[in-house]
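Letters A, B, C, D, E and F mark the chains in the order given here, with residues in each chain numbered from 1 onward.
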């Protein structure tokens, strides 16, 4: 059984019915079941960065099942078939693969920007915060090595924008740069609050999303959501700072917390509060602007056709015009 | 200057233009300002349980202003006037009154039920919770004397339902009794989770609302909201229990937290998550049923007319039919 | 040609492309058509409790067509094929089957509860109604043997909840038990009106839905709807009672009728009136609660996966969390 | 005490604070109450075609109260006053007036068209219906003298359009003429069904609205609505015709009933069914067109200003441009 | 290679997987691409009046690509296949066909009405306009031969109604006849404005839509829309008339322009202004009525089934009842 | 009769009932009417920057009426009164005032920024546009002296944001500066298109709004709207440039026109097209951000109270938190 890693990866979205499969995929949620006749089989999802398919291994054994990573990478041999109008992979042989031996890029998209450089610039911008309490809170996050490691790899979203490894970092970094550029034009705003609000607004995504093998929601993320998780993270750190003798006024935490809670800008997008401070409005607008710019330019660049228009974009309720005028 | 407490209280909603005023009211948000000519005056709100009016004291002094409670009770002498089509009270004399000397019932409505009895029954119902972690969490709230004192006096809402001292207690108590009555009919549900969810679902209202002199939102309550505050309260107690050696699984806290976050049932009512467990749906329905029953029967009983119909109820988008058929 | 009823039924949702079919299905809407070349063929739907597929019999004759039940049960021999991305059954032989010979359970889901027992309990609850006019109206329904026979087998809905034979009975029975349990907690409500309103609220579904071979809407049901049909049924019986000398006040009929018309709770769900009495609100909430509890627990139990989450539930706009905590 | 009927009527909407009142008004909902001191007073509404005001008679007696019509016309002597920012009439003397002695036109607006002529034309149009069952149903309505008398005086609506005595007749008449004019352009439609549908679409307004002294909803009208009442009327007559030996197919009643139920065109306007036949769409469009033309031209003509624009029209979400171009 | 035009056209919506294809189709958006191995292939859409499919020609050459019309008609030889659950045509040979040799009716639906006759009647109706400025404007359009040629062939819409060659003419013609029939019933309206408004309301569709080979949006049409294009056309002609010495008051152009802008009747349907004149309301209602009558009767006639109901109509949110009663 | 201009202006929103009025106001829409007795009177609006009141002059003459500016400034002597709960001014003497003699600032709010400096900076930014066609179009606007004069004084809106003389200039200027600051962060966007789109996006407001005496909509503005007017302005100039020999591609005009049409971002805000290019999204976001920042900071600064919260902001559906944290 050879792993065939020298050949280019056969991507999930390129598989057609009736192909012989001999490839490494990520496996998720494998389940051992028995048919009505009592035979054992394994149901699973097989995925890479381009999508996922159902996998079925008939005549399976508990030994095979137990040897599977849950989740992890596996070498799959089998065949693609249509079943009830859905493509699936019938698996004949399956074996766990050491993650160090796979090209992770094939399984998870990754930002094209330099993560170290972006994180460095974020630290520099956070360093400009002058209000001592806001600065202390923000730096408590920077000081949490594990969290910052997650922050640098988490995706910015599941599907809509910045849906890649490092996407959360890229989105936060770009929002901070936009804020730096336009805050001088709105001198009435409390700049420290805007910068800290941006830095922390999506921090809960590090807990809401799983992104080791494929992008998905954690159970906790789906039940609670990144907005509430970000709020909890701020409160936990504020309490720790107070316990350590650093005063953090409840008003500071509430003003920051309000930015977190309201940054989706509308109830129907999951914000339990509408923006009620100038700073909350600013963070909401910069978030929306940066997310949409990524979504729109990705959709325009992502099309391989030579048409002047992209396919219909459901989230934007329009097709996008791709032709450059200038 | 006599306080005239032996006469019945002159309620705000009974004042007509041109009356002489000699009465005790709650004062809120008094502000010292100067007119364009440089004279000082005091603007304030004067309130009781039936409403509030603007008060204006012309030719005021800093001494008078400083002596005012902010907020508190005051004896007001003056006259009612129409100003730009709004009724206001022109204040000639004003003096702080010791709260112990006023009949608080005139200023804040109070539930007609027996609060001690209701709290006792709540404790009994919470005692039926058998899951040790859920029970430990619920009892950590019962053990917090200060919080329970607030829980027993806080209103259930600002305007719509249970808007009285003890209203939160009455609403929670009635919801728990409804749950006890119908849980046997839905045996698939996890009863402990429903009961704990109801007990805690609005606990954050103790921090969201101020209810000492008149009902209002606290700053923190308006910025964060009772839903997120309830979630924070649960997490704080779960961490304290863990620190004290009682295991509380994150899954338990997330399932309870999810009930809290989703109990308004829809994004547009401020829930950042939609119900996604059978227990969350049950708590949402019982909450809505009990709130609406209070709102509807209060509106029907509250009308003094002999008409078969109440006035238009904006929140219900209908008038209510008052005639009894049976 | 053998019917093969000893083998387990091959369910519609288990058929894959390219299978040989030799099975009994319900047939609906068979139509005789001619191809562009002038050959006759029959188009039909073939169904069981798990779904339906298009069936096509090429080279058909008028004799075969005339022999088909419309609708009814048929023994089908043929083959499954993909056509324009939809699975269909190409029929080689088809023959009518006596309904008495099929296992009806395979074609129509049936409640797991004891229908006789449920109906007996409904009669007992209706017997508690003390207002003579409301009691007379309700008992006029109980006395209508044909209607009660339909009431005991009709489904509670097409797809969303209680979509099984006996579903209307089960839903009505459970709602009445919920009402009995919580009415003592809301003493201001007119209990007789709530109980009669629940008993009658969906009675028009006996005319709106067809449920002999498969669940579908009748023409009349689709044009008029069960809400208006229930109202008409009440008026018809009230007039019959009056003609027989039993006084039934228009006010009683209007109050009951209002509960019927408003029990969907919102215009967008087909109620032409919004609830305007406390009793109408109560019936609306109990209906919604019981329907959702059935829908949610069925979705949770209905999944065969071991995942913590169900598939996306479009009507609830969420996936459901299946993991039990307690 | 003189009734002063020779002077022009002092209209409600022309009364200013501080006027002496000596005029005939319609009285509605008079109630005898006692003040906190135990004195009796009467609260009532005083109305004419231009609006209504609260009336208060202090130091009233049971004798005076019992002598009042409920509702009816009264001669009022008193004075207008502002009370809590609302204008009211303080009544010193009040006495019932024989309706035959008042100029009813001052109290209820009346269509400017010739009612006898309009009804005659409606009868002629209904006579063109050729389908015997539809014709029999429509003529059963024409044969009901009491109902036709109501049909000729009922208003077409409360506020929005045709809100005058004879308004229902005028609206129905005009819709029938529009249908006659355009049905030849849509030959696929079943003209009989459209004409009968228009004739009957709002018949329930004769029961929904009260219009003897002032326009208001009846209790039954508010609980049930004219749409459901119209449906009930059709069914009642269909059953009477069948009992008398005239066959009326359920399909005919359902198709007509569907037009009634769906003629508001959308759930949010109180239709429990959306149009699902070409004829139902046609009736919905003609109803909407004729109602809006009346509403728009009345708003344009009703303004006394010389401005090019009317006041804001809330139901239309715009101001209307009044300048004629041609 | 024979074109096989004597056999009936094989329509796109009748192709099943695995068929041999030897037929003429319209080709759109052909693109020359290279595979990962460097081989050239052509991607294209192949269409007729019943739909479109993806076409793929592997092992293509630049010569073949350059010879293709973009767009135009082609003779295609190849085979139908399922690819990722979508039917596509694998093309072996492809050759341009002279449009004069194809039966255009197979590729673009055409109105069944007589276009010359309809245009003649439109000219006659426009001739009845008496206001000299409105008449001058309308006739400036009639005098534009190229535009009128487009006006007589453009479709009335992409999918919903009058989606055929001549559809715009048919829709405009029928609306004008409806207006002629009912304007006498609404004498307060300015008839000239209504007639001119109808004549011009969709004129921009001649620029918004492309309809030579298949119906599609032009780039300019999709960016700007027919509503704004119609407005621009009116202004351009008004300026030309003024330049030529014919006075056209801005008020006339604004009133006509307002009808154009508001004729979709609601913001969500793309009208930037809501109707604010009686004439604008009339044009909006007649447009909606005529469009819906076409949509509903086409859906009812278009079904080949013998069912009493059509398939679900998504735009109408209902199925349609097809059974004739009369 | 003295004009009293040395005393501070008595602002409309400071007038209480029963005051003697001797002041200069702007007069709008004066109308000469006759009472039912045949006496002539004048109805008018009297306004300044703080609001407007109805004015009534009884016993007026045609001579007085004819002497009034329509609109303009007048010296008014009279008295304030409540009439039907609305404050009005009963005018005894009225006389036209030369506009040069009034302090225009009292009647129309004016931006606090330096208009010459802002316009100079706009010219500089427009000068950075390098695409020759886009530059030519933008400069054709700069070259129109009359239009630029209007552009420099027109308000940015009626009520919501930048509602002051010079507001359009200030809003456009700030948007251009925001774009300059953030365009480098979004290098995929066509910067020239964004800058020209911003410069022209609201140009039609110069025709939509009247702002000489008070802010109001012009007839043409209300019928057509500034969005469509801006589009017309671009087309007019493009045609003039082409006539003068400067090539302007239709694609350039359409791409710019699309930005104009879509810049409100949603149908319900009056955009007939949704953004479909990256540049259109950017202009929409910058417009919304700058408008909201003005609206929010104005609301926060505009309150004179010392409360932590502003009054309810209906357009934002919240109160705003005013307390500064930093």
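Keep this in mind: a residue touches a chain if its C-beta (ideal position, glycine included) is under 8 Å from a C-beta of that chain, and two chains touch if they have at least 3 such contacts.
These figures come from a predicted structure and were not determined experimentally.
Trainee: Among the listed pairs C-E, C-D or B-C, choose the one whose interface is a repeat of A-B, with over half of the contact pairs the same by residue number.
Mentor: Comparing each option in C-E, C-D or B-C with A-B, the repeat is C-D.
Trainee: Averaged over CA atoms, how far is the centre of chain D from the centre of chain E? Could you give it in whole Å?
Mentor: Using C-alpha averages as centres, the distance is 44 Å.
Trainee: Using Cα averages as centroids, what's the distance between chain B and chain E in whole Å?
Mentor: 60
Trainee: Indicate the residues of chain C shared as contacts by at least two other chains.
Mentor: Within chain C, residues 82, 85, 219, 222-223, 251, 255, 258, 276, 319, 321, 323 contact more than one other chain.
Trainee: Could you list each pair of chains that touch one another?
Mentor: Those chain pairs satisfying the definition are A-B, A-C, A-E, A-F, B-C, B-D, B-F, C-D, C-E, D-E, D-F, E-F.
Trainee: Can you tell me which positions in chain A touch chain E when the two form their complex?
Mentor: Touching chain E from chain A are residues 8, 13, 16-17, 82, 85-87, 304-309, 319, 321, 323.
Trainee: Okay, in this complex, where on chain C does chain B touch?
Mentor: Where chain C meets chain B, its residues are 130-131, 134, 174, 177-178, 181-182, 185-186, 188-193, 249, 251-252, 255, 258, 274-278, 281-282, 285-286, 288-289, 292-293, 296-297, 300-301, 316-321, 323-326.
Trainee: In the complex of these two chains, what residues of chain D are touching chain B?
Mentor: Contact set of chain D toward chain B: 29, 31, 33, 36, 43, 82-85, 219, 222-223.
Trainee: Can you name the residues of chain D that touch chain C in the complex?
Mentor: My answer: residues 219-220, 222-225, 227-228, 231-232, 235-236, 239, 250-251, 254-255, 257-258, 261, 267-273, 276.
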